[in-house]
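Sharing a structure here in C-alpha cells format.
Which chain is which? They are A, B, C, D, E and F, in the order written, and residues in each are numbered from 1.
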Amino acid sequence: MKVTVNRKAHFNAAHRLYNCEWSDSRNADVFGKCANPNYHGHNYELIVAVTGEIHPDTGFVMDMKILKKIIREEIEDYFDHKNLNEEVPEFKTLNPTAENISVVIWNKLRSKIDLKSELSVTLYETPRNFVIYKGE
Amino acid sequence: MKVTVNRKAHFNAAHRLYNCEWSDSRNADVFGKCANPNYHGHNYELIVAVTGEIHPDTGFVMDMKILKKIIREEIEDYFDHKNLNEEVPEFKTLNPTAENISVVIWNKLRSKIDLKSELSVTLYETPRNFVIYKGE
Amino acid sequence: MKVTVNRKAHFNAAHRLYNCEWSDSRNADVFGKCANPNYHGHNYELIVAVTGEIHPDTGFVMDMKILKKIIREEIEDYFDHKNLNEEVPEFKTLNPTAENISVVIWNKLRSKIDLKSELSVTLYETPRNFVIYKGE
Amino acid sequence: MKVTVNRKAHFNAAHRLYNCEWSDSRNADVFGKCANPNYHGHNYELIVAVTGEIHPDTGFVMDMKILKKIIREEIEDYFDHKNLNEEVPEFKTLNPTAENISVVIWNKLRSKIDLKSELSVTLYETPRNFVIYKGE
Amino acid sequence: MKVTVNRKAHFNAAHRLYNCEWSDSRNADVFGKCANPNYHGHNYELIVAVTGEIHPDTGFVMDMKILKKIIREEIEDYFDHKNLNEEVPEFKTLNPTAENISVVIWNKLRSKIDLKSELSVTLYETPRNFVIYKGE
Amino acid sequence: MKVTVNRKAHFNAAHRLYNCEWSDSRNADVFGKCANPNYHGHNYELIVAVTGEIHPDTGFVMDMKILKKIIREEIEDYFDHKNLNEEVPEFKTLNPTAENISVVIWNKLRSKIDLKSELSVTLYETPRNFVIYKGE
C-alpha cells in the first residue's frame, strides 16, 4: 500500500529574473518587470510529497516530524529572508525562476529522504502561479 | 527536467444542466434543481497546467505572461459573464456539466500551446466540486 | 462577556444587474457585462455573525445547530440554484447587487434571531468582491 | 474522454497514535505528543476523486449528488464526532495515522463506486499535513 | 495612527461539550454528538489582534516576533495536542465551547500584552464555525 | 443603509526593515533577518473596504469596477515588482513595515474615494501576519 504524505512549508525571499549571459535590455525585454535590478519578492509556499509504503509498525510512510525538520533545515533556513540571486550559491548563474527553484529544492531534499520513496515538490510563487517537479 | 507550470484564472457564468433530447420531466428527475429552466450560476475557478522541459536560456517551461494572456483571450473572454447554454456555441447541444466544460476548455487551449508540452485542466464549479481533464 | 459567533454557508445563483426604470442601453453603460440579459452567476459565500452574551448553562451565545438550520431554511433553500431576478420576489424591482442581497438576507434573518443579539451579514459575490451589512 | 470528478467533505474526530504491541514509553518516544493517552483531535478534510469516462447522456462521470450521499453515509456518518481509537472498529488494533485512515476510507468507498472508475482519496489531517491513497 | 496587527496560530485538541451540573441525558439532548463521552476534536485556528499606535522608531505596533512567542508559550504549548476537558484546568468545570475557549485565551493573553493596546481573539473551531471575543 | 464593499488586490515587492537613524548592528538586533541588507520580499494581499450608503439607482455603495481601477492605478502599479526601500519615495526614510505600508496605502486611496465614505485597508504581509488601518 503506497501512500503519499505531504507537508506544507514556506519562506519569503527577494529575487529578480536575469540571464547573466544576456544584455540588460534583452533581460528587460524577456522578463519585463520581473527583471527589475532592485529586486522584488514573494512568499513562497512549498509542498513536499513523499510516496512510499506504509511501515506496519508505525503506520507512517515517513514520520512527519522528521520531514518537517528536514524541510526546515534544508530549505527554510537556506532560503528564508534571503536574496536568492545574491545569497544562494545555486543562483549565482542559474536564473531563479519558480521552475529552477523547484529543481534546486528537489535536489537538496532528494539526498535526505529514503531513495525507496518517490519525491515531488510543489512551489507556489504567488497564489496564482505554481510549479511541480518530480525529478523526471 | 520536466516541470509542470500552473496558472489560476476564473470566470463567472450562468448555466443549467439539460439534455435537449430528454423531456423536461426527465431532465428534472436526473438533474434536480440544476435543471432549473431559469438558470443558476457559479464562480468557476480554473487551473491550467503545462508540463514540459525547462528552457535553459529563460529558466521557463513557458512564459507565464504568455500563458496568462492565452487563458484570458481563449477562456475568460469567451466564458466570463455569459450564459453557457444560450451564448456559448459548444453548449447549444452539449450539456454544460463541469466535466464537459473542462473538455471544451482543454480543446480550446490545446491548439494554442506547444504540442511538445502536456496539458491538464482543473475546473472548480464550487469550492467543494471540481474536475480534472488531461486529454486522455 | 459578549462574543460573536459566525457561521459560513453558501448558495449558487444566477442574476443580472438591472435597473428596471432605465433603458437597456443605460443599464449596459452603467453595469457593463453584469447587465447581460441572459444572466451570469456566482457561488455566493455567506458568513452570518451573531453577537451576544454567553449563556452560562450552555457556554453558547447561540446554538450553532440552530443557527445553521435558520440559515438553511431562510437563505439557502430560498436562494440556492435560483435566478435572483426572476424567482426571488424581493428582486422583482430591486437590483440584485451584492449590497442589496446582503440587506435582504439580513432582513430575513433578523426576524428569526433573538433581538438582544446583534446581527451582521458578510456576502462574498466572488473571492475578490464581498460586502458587509450590519443593519445600521 | 476520462475525467476525474472530485468532491470535498469533512469530519471531526479525536484520536491518539498508538501501537498496541509497544510499551507506553516506546509509544511516547516514537509518537511524541500525538501519543497523549487522553487523545487530541482534528478537523479532517477529505477529497474523494473518481476517474472515468463521461457518460454521453448526462455529461457526468458520476452524479455528484450520489457521490456526496455515499461519502456522507460511508464516511462522515461513520467517523464524524467519534473517537477513532475507541469507537471505529478498524482502529481497535490499527494505528489511526492519516495514512491508515486514508486506506480505511478508500476501502470503504471502493465497494460503493463503479469498479470501472479509478478511486483516489486525499485526507488533510491539518492544513499543513495531508496524505493521498490511490489503492496501489 | 492606530493600526491593528494580527497573527495567526493553531493548535489541535480533543474536547466534548458537557455541563457537569446536568445529567448525561440532558447533555446529550442539548449538545447532541458534541457530547460524545469518548471525545472528538478539532484543528483550532487562532487569530490574535493587537490594536495600538505605531511606534515611530520601529514602525511596529508590536514586534510580531514577540507576539508569535507569547502565543506559542501561552496558548499553543498550553492547548496543543491536549484533551481540553481532562487536561486544561480552566475547563474542569467550564464547558469548552468555542465561545468559552476564546474567553480563556483572551484572558491568558491580556496579562502579557501592553494594556494600552486593545486585544481581540478570533477562534475557528471548524472552517465553517468561528467566534470573536474582544474583552467587552 | 450603510454597507461595506470590499475589494481584494495584490502586489509583490522586495523590502528590508531598516531605521536609517540607527547603526547597522542596532537594526540587526531589533529587526533580525528582516534587516538583511540584500532584501527579502513578499506577496502582499490587500483588502480595501469602503463603507457608505447604498445608492438607490444603482444598488451600489461604489462601483467595484471603479474601485478596482483606483486600486490598480494608485497601489498595484505603484508597488508591484518594486523594491519598497529603493524605489518607493514614501519609504526613503520611513521603515516599510506592514503597519507603515498600510498607512501609506490608506493615504493614497483616501484622496481618490468619496469623503462621505469610510475607508479601511487590510494588508497581508504573509498568510499569518496582517494589519488593518482605518485612518484613526
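We take it that a residue touches a chain if its C-beta (ideal position, glycine included) is under 8 Å from a C-beta of that chain, and two chains touch if they have at least 3 such contacts.
Just so we're clear, the structure is a prediction, and the values are computed from it rather than from any experiment.
By the document's definition of touch, common neighbours of chain B and chain E comprise C, D.
Least step count on the touch graph, chain B to chain F: 2. The greatest centre-to-centre distance from chain C, using averaged C-alpha positions, is reached by A. Remark: among chain pairs D-E and A-D, D-E carries the greater number of C-beta contacts. In terms of residue-numbered contacts, B-C and D-E present the same interface, as over half of their contact pairs agree; the other options in D-E, C-E or A-D do not. In this entry, chain B maps onto chain C through a rotation of 180 degrees when their C-alpha atoms are superposed, rounded to the nearest 5.
Of all the chains, the one whose CA centre sits at the greatest distance from that of chain E is B. In the contact between chain C and chain E, the residue numbers used by both copies make up under half of all numbers at that interface. Centroids of chain A and chain C (each the mean of its C-alpha atoms) stand 41 Å apart. Averaged Cα coordinates give chain A a centre that lies 28 Å from the centre of chain F. Residue positions of chain D touching 2 or more other chains: 127.
Listed by label, the pairs of touching chains are A-B, A-D, A-F, B-C, B-D, C-E, C-F, D-E, E-F.
Put simply, chain A touches chain F in their complex at residues 10, 12-15, 33-34, 36, 38-43, 45, 80-83, 86-87, 126-127. Here chain E touches chain C in the complex through residues 17, 19, 30, 32, 94-100, 102-103, 127-134, 136, going by the rule given at the top. Partner chain C is touched in their complex by these residues of chain F: 1-9, 49, 54, 57-61, 63-65.
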